[in-house]
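Two complexes are shown next, each including chain A; its partner changes from chain B in the first to chain C in the second.
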Partner chain A sequence: MPGLISPAERDYILKGIECNIRADGRQRADYREVTLETGVISQTSGSARVRIAGGTDVLVSVKAEIGPVQVDPETGDGADKGQIVCSVECAPSASQQFEGRGADDLNNELTQMMTRFLSNSTSNPSVSSTASAGAGGINLSKLCIIPGQQCWILFVDALVLDYGGNLVDAVFMGARAAIYDTRIPKTEVQDLGDGQFEFEVLDDAEDTEFVEGRENMPICVTLNKIGARHIVDASPLEELCTEARLVVAVNRSGELCGQQKGHDGGIEPSLLLEMIQFGKTTGQTLIKQLDARLQEEADADLAKRQRGEPVHKLGFFAQ
Partner chain B sequence: MSISFHSPAVRTTNDGVVRRRAVGHDMDLDDGLEGAAESAMKDPTLHVVTPGELITSDTAFMRGHGTYIEQEKVLSSVAGVVDRVNKLISVRPLHTRYTGEIGDVVVGRITEVAQKRWKVDLNARLDGILMLSSVNLPGGVQRRKQESDELQMRTFFMEGDLVVAEVQNFFADGAYSIHTRSLKYGKLRNGSFISVSPGLVQRSKSHFHSLSCGVDVILGLNGYIWVSAHVSQDLEEIDTEQVYSNKNKEDITPADRESIARIANCIRALAQNFVFINATIISFAYEASLQYPLKDMHKKEVMRDIAVEATTAVDNMRG
Partner chain C sequence: MDRKRVAGPELSVAPLVEYPRDHKRWTPQDEQRHDTKRQPEDMRPIYLKTGLINQANGSAYIELEKTKLACGVYGPRPGKRTGFSGHGVLNCEIKFATFSCAKRRGHMRDPQEKELSQILSQALTPAVRLDLVPKSTIDIFITVLESDGWGSCVAAAITAASVALAHAGIEMLDLVAGCSAAYIPSGPSIASPTPSATDATNATGPSLAPRIFMDADLEEEKYEQGAIVLAYMPSLNEVTHMLQSGKAEGSIVSQSVEHCVEACNKIYAVMHHALVESVGENK
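Let's look at the complex of A and B:
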């Protein structure tokens, strides 16, 4: 459906939010039901599919590949660090708006947002310095294999398969779940002398390790300011009524890892503080529940594996 | 705040919802039918095919909608259910756009204002067309159209506005011409919009319903549904100027909003479980939904329970 809304609908939604009864019966702070599964794509190092009841469907994959380290020519930083490369793409089948070049801007915005929130070593030093927690949470030094030469590069790719509002939150939930699911093979480095190194990737499926710092990854809470109030998990029609949007990235300990404002409306300073505070507490609860769900699934899979049963993922045949 | 995470579930055919489908005839396509045995459907009357799948290699059959012939074999061009009338084989798609008939009540959204006409999104393959000559202008039903009317078309319908109309005619290219030349048709206000699959809305005597809970429902045959607060019909008839107003009525109470949201969620629940939608089943679904708090109604399990209860209630009524 093209992004159109009638004045009467807008008014109805606005007044509904004012009296805390949204058009689908939720309250301002309520999320829709989220369906989550990890490990859906076997070719990846880690993957997850996140669906929000009512439409939004995001598939996130993480692929670990070996590549050269990237050293910042000015600061000399990054010689002992791995990398995270993010990309978000909206499939044209997700919404009529995404056809042709329609999704380009959104893809760019989401990709940049993800790059900024997930990787510590951004080219923009002000970002990592403002976020006290070390924004991305992931320990990039652990991803380095031979300092100054080789490292792991994590390619985090999100594909938006269907659009039903609140893309940002879904993409970041998916990213967290996919990284949580990721296993990187262990490597053995040999010192050949003269500063020469050689390494070997162990291809034993059991000899893998999780991404260190995965539990510190932030997720996003998108707050949509409509009228004088703000709501979470907006539906597509609610997004059309949004005057200003604030994306708050929060980690497990409730620390602010980044924020981004969208749309052309303004937010009063007092409301802004309230929204950030609200985003922090909401994000923390969200992470807790997400982690509980991920842990539950990981435990169930492990139990099955120990019993020698095959682990079947439902993937695309699930409801 | 509330959020819940779930793992996906397998879609089962015997989940208690009685599917009212139009496939009545038994599918005894003899040995000419291949692939039917492979399809894991428990229901032998149902033959589900995907695009490109072989339906029959028997040359005696004729190809209908949703099929094509390659090397003298009938193959499916859509994903859907095989339908057979004598020697004619067609496939009814699972996901389709609206194909209308003259006299259908439809709900649409204005997408474009053009020369003497509005383009309307009707969920059909082409945009519908609402001619300036097919609307009632303020100031008398029989008034002549003037040039000034052409210049102020946006004061009647603007991009984004929702209208309820009737299919009047087809154009040569297959686009629908619609009209609002009756006081029951026109701009929609005081409520919220839902979109379901067009195949689910049952054709019936009336598509305008006032439910006992003080909610009006317009079931557009194109799958667009409007749920709104009750407006007494007589009042509207007095005030023809009000037909094009964008103002919602002032006295929509929180209780009204809750009922509207509840009815809207009931319709979503029915649609999600592939149950035909008509006024009777909506009423039963509403009754069934009263045991659940409004904010739980977006949960998949609750939705299924509502759909199951509503279908059983309808069955009991019919004996």
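Let's look at the complex of A and C:
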């Protein structure tokens, strides 16, 4: 992650984008090749690794744990809901600038963004919205074990292993794939009478269920405004030329699940609306491709298991 | 008297809540807004005044009924960070007072406040001529005294900070006005705990397009399906920040962006007025 760029290089990138040809030969709307694999870490409930050709490498893990439900004291909302807790961390090894406290701001920004877009509560943490299905798409009610007492908490942790631009998209692609891969053990609730409940977590590895609503999770498309144009999937150098950045979160059915502007520039309202529209269509195509890949992988794994063959993951050998 | 024994009464009752007899909690099914005087596109009246903090180079105080916050600007002053930079740095810090929200806030800055600070600096930087103040920082400190709605709080912070910057005499390209809106489902919410009679008559409710309420307050925010905060420079016609959360159709988003831009133009007039007034005082 270089911190500075020379005026000549900036000019080169700017002019190139104006002519719809970028330094690595892509057009403005082209993504780099994305490598996606799920189930890479055995200790987790679900995991995924996303690599964008050119460097960006993100590992996302989901761990399901049992914890107390969080109830809003004022509205009494949340008693029958599970929780999603997100965090993003940039490994110091990923870039020179992530050393020490250097990545704190970035970690916090990405963590907050992920919490906003994926967990069902809206912007305000002190107010849990009563609107049924939030932006995250996941059915939190299904994560509740005993209403008012115990629920599943999904800890979604993203670890940035290498930096090659377009971190936000990679993190969200990874998070979506990791939750897609997540299996939660089934529980059996017993009514002891007197409003007392007890539950048992079933040990059977086959008796697990997927997270409901996983296919409705959004992904993000980051649009970088450079000059009067906008590009997707910016490389580190292009990110340095970016005046303004718009992150558009979109789900499979094309609903917008959140937007956030970044960087220190402005965007005209008409261009902003155009960018949102562009992000929406790009995101939908991307989701379709990702879903196809995830399905393909799940089918291949299942076929191998049925034949009794071991499932080998490429894991960290994937290029 | 026996101090070891609890001397309380045997029977205890819950405290009485002071609501008038005809009090009814506001729900999105109500035809009117929580504040019945307002239409969906109306904002709360804004009170904006500069120069309330003596020690600061520039300051502003803003009040949107129960949303109250103060902002002080210090600088440009030499940057604490070592190393040369040709541009000045805009350093924003927002702090919710411990008593400002329904839940008590801690004294330390929490992750949300840190992110908000970042959002504020991103919203204001496009307007400030930072190239004129190399090697310096401009510090903006915002204290939220009372918060009635998260969105309106962020929007008010942006408005107040930009007026305070102007009051401090820092060169800017334009003032930045902030505006918030909430998308509130018009039909009966599925999660609403009491199935009322309206459920039967209004069965298609949830599929209806949500209503856009400008400058929603806390009570309305509880029912929101999504929200947007927009920062806009009216003279330059540029959006400096946009933050949207929650799920919404594309058409609702573009509609709310237009509404917010319109509202920002109105806020601009208020900001303008407050600044002209402050000049009059100095004479």
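Here is the rule we go by: the second predicted complex is superposed on the first by the 306 of 319 C-alpha atoms of A that agree within 3 Å, B and C clash if a C-alpha of one lies under 4 Å from a C-alpha of the other, contacts with A are read in each partner's own complex, and residues count from 1 in each chain.
Definition applied: contacts are C-beta pairs under 8 Å (C-beta built on N, C-alpha and C of every residue); 3 or more make two chains touch, one makes a residue touch a chain.
The structure displayed is predicted, hence computed values, not measured ones.
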Chain B versus chain C as contact partner of A:36, first or second or both or neither: first
First, second, both or neither for A:92, with chain B first and chain C second: neither
Touching partner for A:67 - first (chain B), second (chain C), both, neither: neither
Partner chain in contact with A:148 - chain B first, chain C second, else both or neither: neither
Chain B versus chain C as contact partner of A:266, first or second or both or neither: second
Contacts of A:227 with chain B and chain C, given as first, second, both or neither: neither
Contacts on chain A seen with chain B and repeated with chain C across the two complexes: none
Interface residues, chain A side, partner chain C - complex: 74-77, 105, 108-109, 111-112, 116-117, 122-127, 129-135, 244, 246, 251, 254-269, 272-273, 276-277, 280
Complex interface listing, chain C residues touching chain A: 101-103, 111-112, 114-115, 118, 121-122, 125-126, 150-151, 185, 189-193, 206, 218, 221-227, 229, 232-233, 236-250, 253-254, 257-258, 261
Interfacial residue positions of chain A with respect to chain B in the complex: 1-2, 4-9, 11-13, 15-16, 19, 21-27, 29-37, 51, 53-54, 232, 237, 282, 285-286, 289-290, 292-293, 296-297, 314, 317-319
Chain B residues within the chain A interface of the complex: 1-11, 109-111, 121, 158-162, 187-193, 195, 246-248, 252, 254, 257-258, 260-262, 264-265, 268, 294-295, 297-300
